[in-house]
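Each of the two complexes below includes subunit A, the first together with subunit B, the second together with subunit C.
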Partner chain A sequence: MLDDHLIGVLSNMGMISFIALSAYLVLVVGEISFGQQAFFAVSAYASGIASAMWGWPFLAAVLWGAAVAGLAGLLLAIPTLRIRGLYFAIATLAFAEMVRLALEIFTYQVEQDGELVGPNGSEGFRDIRYIYEADISAGEFLLVILALLAATLAIILWIERTRLGAILRMVGEDPVLARLQGVNVNLAKIATVAAAGLVAGIGGALYAHLNTYVEPKIFNVMLGVHGLAYGLIGGLGTAFGPLLGVALDIGVLESTRAFSGYRMIVFGGLVAVLLIVRPRGLLDEAAVYRIRRFLLRKHAGD
Partner chain B sequence: MADFLQNCLDGIATGSAYALLALGFTLIFGVLRRLNLSYGPSIMAGVFAGTALYTAFNAGLAEIAIATVIGAVVVGAYIERLCFWAIRKDMAVASMVSSFVIWMQIEEGVTLLFPDRTYAFPGILADAVVEFGPFFLRASSLAMLAIAALAVLGLLGLIYRTHFGLAVRAVSENPEAARVAGVNTGLVTLLAFACASALGGLAGFLIAAGDEQITPLFGLWATFKGLIAMMLGGMGSIPGAVLGGLLLGVVEANALWYLGVETRDLIAYMLLFAVLTFRPGGLMGQAALMARRAAESRV
Partner chain C sequence: MLAIDGLTVRFGGLTALEDVSLHAADGEVLGLIGPNGSGKTTLINALTGVYPATGRVRFRGQDLLDLPPERIVRLGLVRTFQNLRVFRRMTVLENVLAAQNGMTGIGFADLIGGRRRDAARRERAHELVERVGLGGDADRLAGTLPLASQRRLELARALVRDPALLLLDEPSGGMTPAETREMTGLIARLACPGRTVMVVEHKMALITGLCTRLAVLNFGRLIAEGAPAEVLRRPAVVEAYLGTEAPVDA
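And now, the complex of A and B:
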C-alpha cells in the first residue's frame, strides 16, 4: 500500500485540482479570477456545518456545500457582468477577500455533548469529525477524492466536446463575435462562473472533512493565485492542463523538497517565463490539436 | 461629532500614505494600460535595502532614503522587463498574473535574506504631533500629505509640460503610432516605470520612517491599499489617486472606530467591489473609461 506521506501529497493534489479546474473554467470564457478560493471556503464551511452540526450524511453535505458555493458563484457573476479583464479580476479579488473577512466574523455555534461546535470567527471551525466517526482511513478518503475528481473531470471533458463547449470557447475568444452569432454571452458567463463555484465547492467540502478543522486565513489570495497559475502553466487547451499544472507544482516542486525554501522563487520564475514563451500554457490549443491528430493517426494505422 | 472629525483626521493621515502608493500605481497603469501587482513588493524590497544600510552601517537618513529609492527602482526594472516588456502588448491580463507570481518570488527572496519578523527603521518626526484645538494629527502624516501634493503637481507637470511627458502620453494612447513617430517606446516605458518605482520608494521610506519598523508583509499591504485607493479614484487618473487614497483612509478610520478592526478591511473591500460594479472607472476616471469604450466600439 501507499505510505502516509504519499497519501497526503496525493490528497492535497486532488483537492487543489478542484480550485485549478474552477479557475480554468473561468479562463475558458475569457476572464481571469483571483477569487476561486472564496467558493472553496464557502463550501468548506457550509458542508462542515451540515455534517458536524446538522448531522447530515457525508455525500449530502458535500453536495450541499457545492450547491451553496455555486449560489455564491451566481452572487459574484451577476453584479460583475458589465466588467471585463482587469476590472473583473480585481472584482473577484475583492469578492474573495470579502468572503474571507466575513468568515473572520461569522460565528454560529450549537452545544453538542456539552461542547460548543461550529464556526467561531477567526478561531476557525473545529471538530468536523465525520471521518473519525465513520472510521474512514486516509487511503479510503483519497479514493473518494479521486473518484469525485475523475467524475468532475469527465463531465468537463464531455462538455468541451459538445456544442456547449464550442460556444463557451467562442465567448472566451471574442464575446462580440459570439453575440453576433446569436450566443447569449451573459448567460454563458453567469452559468460558467456559477459552475466554477460549484467545482471549487466540491474541493472545499473534501478539504474541510479531511482536515477536520478550517480557519478563514487558509483561504487567502495565494490559494486562489496558485489555482489560477496551475491552469496557466498546464495549458488552457484542455481540462487536463490545470491537472498537469498541479502535478508540476505539488508533485515535483513541493514533494521532492529539492527546492525547499526556494520553492516560491522557482515557481514564480517558472510561471513568469512560461507566460512569456507560452502564454496559453504547455497544453495550449495548438498542442492539444497536434496530440489529438497524432492519437487519431495512430488509431487509424492499427 | 468630535469623534467623527478626529477619525477623519486619522483617516487623512493613513490616507496620505495610500495616496502616495496609489500615485505610482496609476502612473504605471496610465502608461502601460496594465496593472503591476508587484508594485508593493518592489517598494518593500527597496525599504529592506534601506534597512540593511541602517542596521549594518548605521547610515544617515539621506543615504537610507537614497538606498530605498534605488532598491525599489532596481526591483521595479526587473519586474518591467520580465512581466511587461517581454509579454505581448495585447496580453494585459498575462502581465497582471505574471506580476502576481513575481510578487511571491520577491517576497520569498526578501524573507530568505531577512528572516526576522520585523526590522528597525530610523524614524523621522515619529512622535511629533500637530494640534488643531481639540484635534491632533501626526506631523509625519502632514509631511506625507504635503509630499503627496507635491508629487501630484510634479507628475502633472512632468506628464503635461515636458517632452518626456508628451512621449509618455503618446505611448499610452497608441504605442504603435508613437513608435512610428520616432518615440523609443521601450525606453519611455522603462523610464516611466522607474519614475513610479522611485515615487514608490519615497512613499515606502516615509511610511517605514513613520512606523519606525518594516516587515516583509509590507509588500502585501502596499499593493492592496494602493490598488484599492487607485481603483476608487479611477485607474490612470492622477488627482483620482490622491482622492481615492484619502477617501479610503477616512472610510477605514471611521469603520475602525464605529465597527471594530475585523470590519474595517471588510468595509474597504465592499467599497472597492461596489465601485467596480457600479462605476468601474472610479470617481475620477469614468469619463476616460467611457471615452475609451466608445473608441473601442467604433473600431
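And now, the complex of A and C:
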C-alpha cells in the first residue's frame, strides 16, 4: 500500500490541480488571473459551513461550495469584462485579496454540543470534522480527490474537442477576429471565468474537508501564482498541460526534495526560462498537434 | 442590398471618413479604390462594427451601425483582412469550421455535441478548403502556411457562412503575379444573385478585370463612383492617384 507521505503528496497534487485547471481555463480565453485562490477559499468556507454547521452530506457540500465559487466567478467576470491583459490580472489579484481580507473578519458561529463551531475571522474555521465522523482514511479520501479530478478533467477534455472548445480558443487567440466570426466574446469570457471559479471551488471544498481546518492566510497570492504557473509550465494546448505542471513542481521538485531549500528558486527559474523559450508551455498547441498526428498515424497504421 | 448614407468616422480630431454615401446592388462586384490612407479599410471596419461610426447603414433592410460585430456577421456581412488574420494556433480546417459560429440552426447541443453532430459542417468546411485550393493543407496549423495560402484560407473562412455581402480587403496583397491571377479567378466566380462582393484593391488589373462598378475614396471622401473605365479617366481620380500636373513655368 501507499505510505502516508505518498498519499499526502498525491492528495496535495490532486487538490492543487483544480486551481491549475481553473487558471488554465482563464488562460485559454486569453487572460491571466492571479486570483483563482479566491474561489478555492470561497468554496472551502462555503462547503465547510454546509457540512459542519448545516449537516449537509459531503458530496452536496462539495457541490454547494463549487456552486458558490462559480457564482463568485460570475461576480468577478462581469465588472472585469472590459479590461484586458495586465489590468485584468491586477483586478483578479485585488479581488482575491479582498476575499482573503473579508474572510479575516468573517465570523459565523453556532453552538453545537456546547461548543462554538464555524468560521471565526483570522482564527480560521476549525472542526470541519466530516472525515473523522464518517471514518474516512486519507487513502480513501485520495480516491475521492482523484475521482473528482478525473471527472473534471474528462469534462474539460470533452469540451475542448467540441465547437465550444474551438470558440474558447478563438477568443483566447484573437477576440476581435472571434467576434467577426460571429462569436459572442463577452458571453464566452463570463461563462469561462464562472466555470473556472467552479473548478477551483471543487479543489477548495476537498481541501477544507481533508485538513478539517482552514484559515484565511492559506489562501494568499502564492497559491494563485502557483496555480497559474502550472499551466504556463505544463502547456496551454491541452488540459493535460496544467497537470503536467503540477506533476513537475509538486511531484518532482517538492516531494523528492531534490533542491531542498532552493526549490522556489528552481521553480521560479523554470517558469522564467519556459516563458522565454516556450511561451505557451511544454504541451503547447504545436506540440499537441504533433502528438495528435503521431497518434492518428499510428492508429491508421495498425 | 447595402445602402450607406452619410457615413462618418472620427478618431478624436481626425476625420477618417466624412459623409460617405454609397450603395451596392445584389450580385455586383463593387471595387473600392483610393490612395493609401484614403479610408478604404476604415469603411470596412465601420461596416463590420469594429469602429464606431455615425450616419446610416442599411443592409438587407436592417440598420447596422448600432449592432455589435458578431451580430453583423450573423446577418451575412463577412469580411477578410488586409493584414491577414487567421487563428494561427488552429488548423486550416478548424479555422473554417470555427467560422460557422452563431449561424442559424446551431444551438447549444451543437456547441457541446462533438464530431458526429458536426459532420455536415465538417464536410462543408472541407469542400470550401478544397475550393480555394488548400485541400492538401487542411490539417496544417494555419500559422505555418505561406502568406498566399493564408489569404485563401481567409476566403474559405468567409465563404463558409455563405455571405450575402463579402468584403475583401486587398485579397491579393503580397501575392506574386501568378497568385494574383489565380485569386482574381477565384473572386470572379463568387458574385452571383444573392451575393455581392465589395473588393478593396490597388492592383488595377484585378480591379478592371473584376469590378462592375468602382467607388473612389480620397482623404476620407467619396470622389467618384461609376463604371470602371469611365471613373478611372476622371481628372479627380487621376489627380488623387498621381497628383496634379506641375505647372510648367515658361
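Quick note on the criterion: the second predicted complex is superposed on the first by the 302 of 302 C-alpha atoms of A that agree within 3 Å, B and C clash if a C-alpha of one lies under 4 Å from a C-alpha of the other, contacts with A are read in each partner's own complex, and residues count from 1 in each chain.
Keep in mind that, in the parts below, contacts are C-beta pairs under 8 Å (C-beta built on N, C-alpha and C of every residue); 3 or more make two chains touch, one makes a residue touch a chain.
Note that the coordinates shown come from a computational prediction; the quantities given were computed from them, not determined experimentally.
Chemist: See if subunit A has more residues touched by subunit B or by subunit C, and give me that chain.
Modeler: Larger number of subunit A residues touched: B.
Chemist: Looking at A:Ala300, would you say it contacts subunit B, subunit C, both, or neither? Reply first, second, both or neither.
Modeler: So A:Ala300 meets neither subunit B nor subunit C here.
Chemist: Contacts for A:Leu177 in the overlay, against subunit B (first) and subunit C (second): which applies, first, second, both or neither?
Modeler: Once the two structures are laid over each other on A, A:Leu177 reaches subunit C alone.
Chemist: Which parts of subunit A are touched by subunit B and by subunit C alike?
Modeler: No residue of subunit A touches both subunit B and subunit C.
Chemist: Which of the residues in subunit A come into contact with subunit C in the complex?
Modeler: 158-159, 161-164, 166-167, 169-170, 173-174, 176-177, 179-185, 285-286, 289, 293
Chemist: Which bits of subunit B are touching subunit A when the two form their complex?
Modeler: 34-35, 82-83, 86-88, 91-94, 96-98, 100-105, 107-109, 112, 227, 231, 235, 262-263, 265-266, 269-270, 272-273, 276-277, 280
Chemist: Hey, which residues of subunit C end up touching subunit A in the complex?
Modeler: 48, 50, 68-70, 73-74, 78-79, 85, 87-91, 94, 97-99, 101-103, 106, 110-115, 118, 139, 141, 157, 161
Chemist: Under the definition above, what is the set of subunit A residues touching subunit B in their complex?
Modeler: Interface residues on the subunit A side: 32, 34, 79-80, 82-83, 85-87, 89-91, 94-95, 97-98, 101-102, 104-105, 121-122, 222, 225, 228-229, 232, 261-265, 267-269, 271-272, 275-276, 279.
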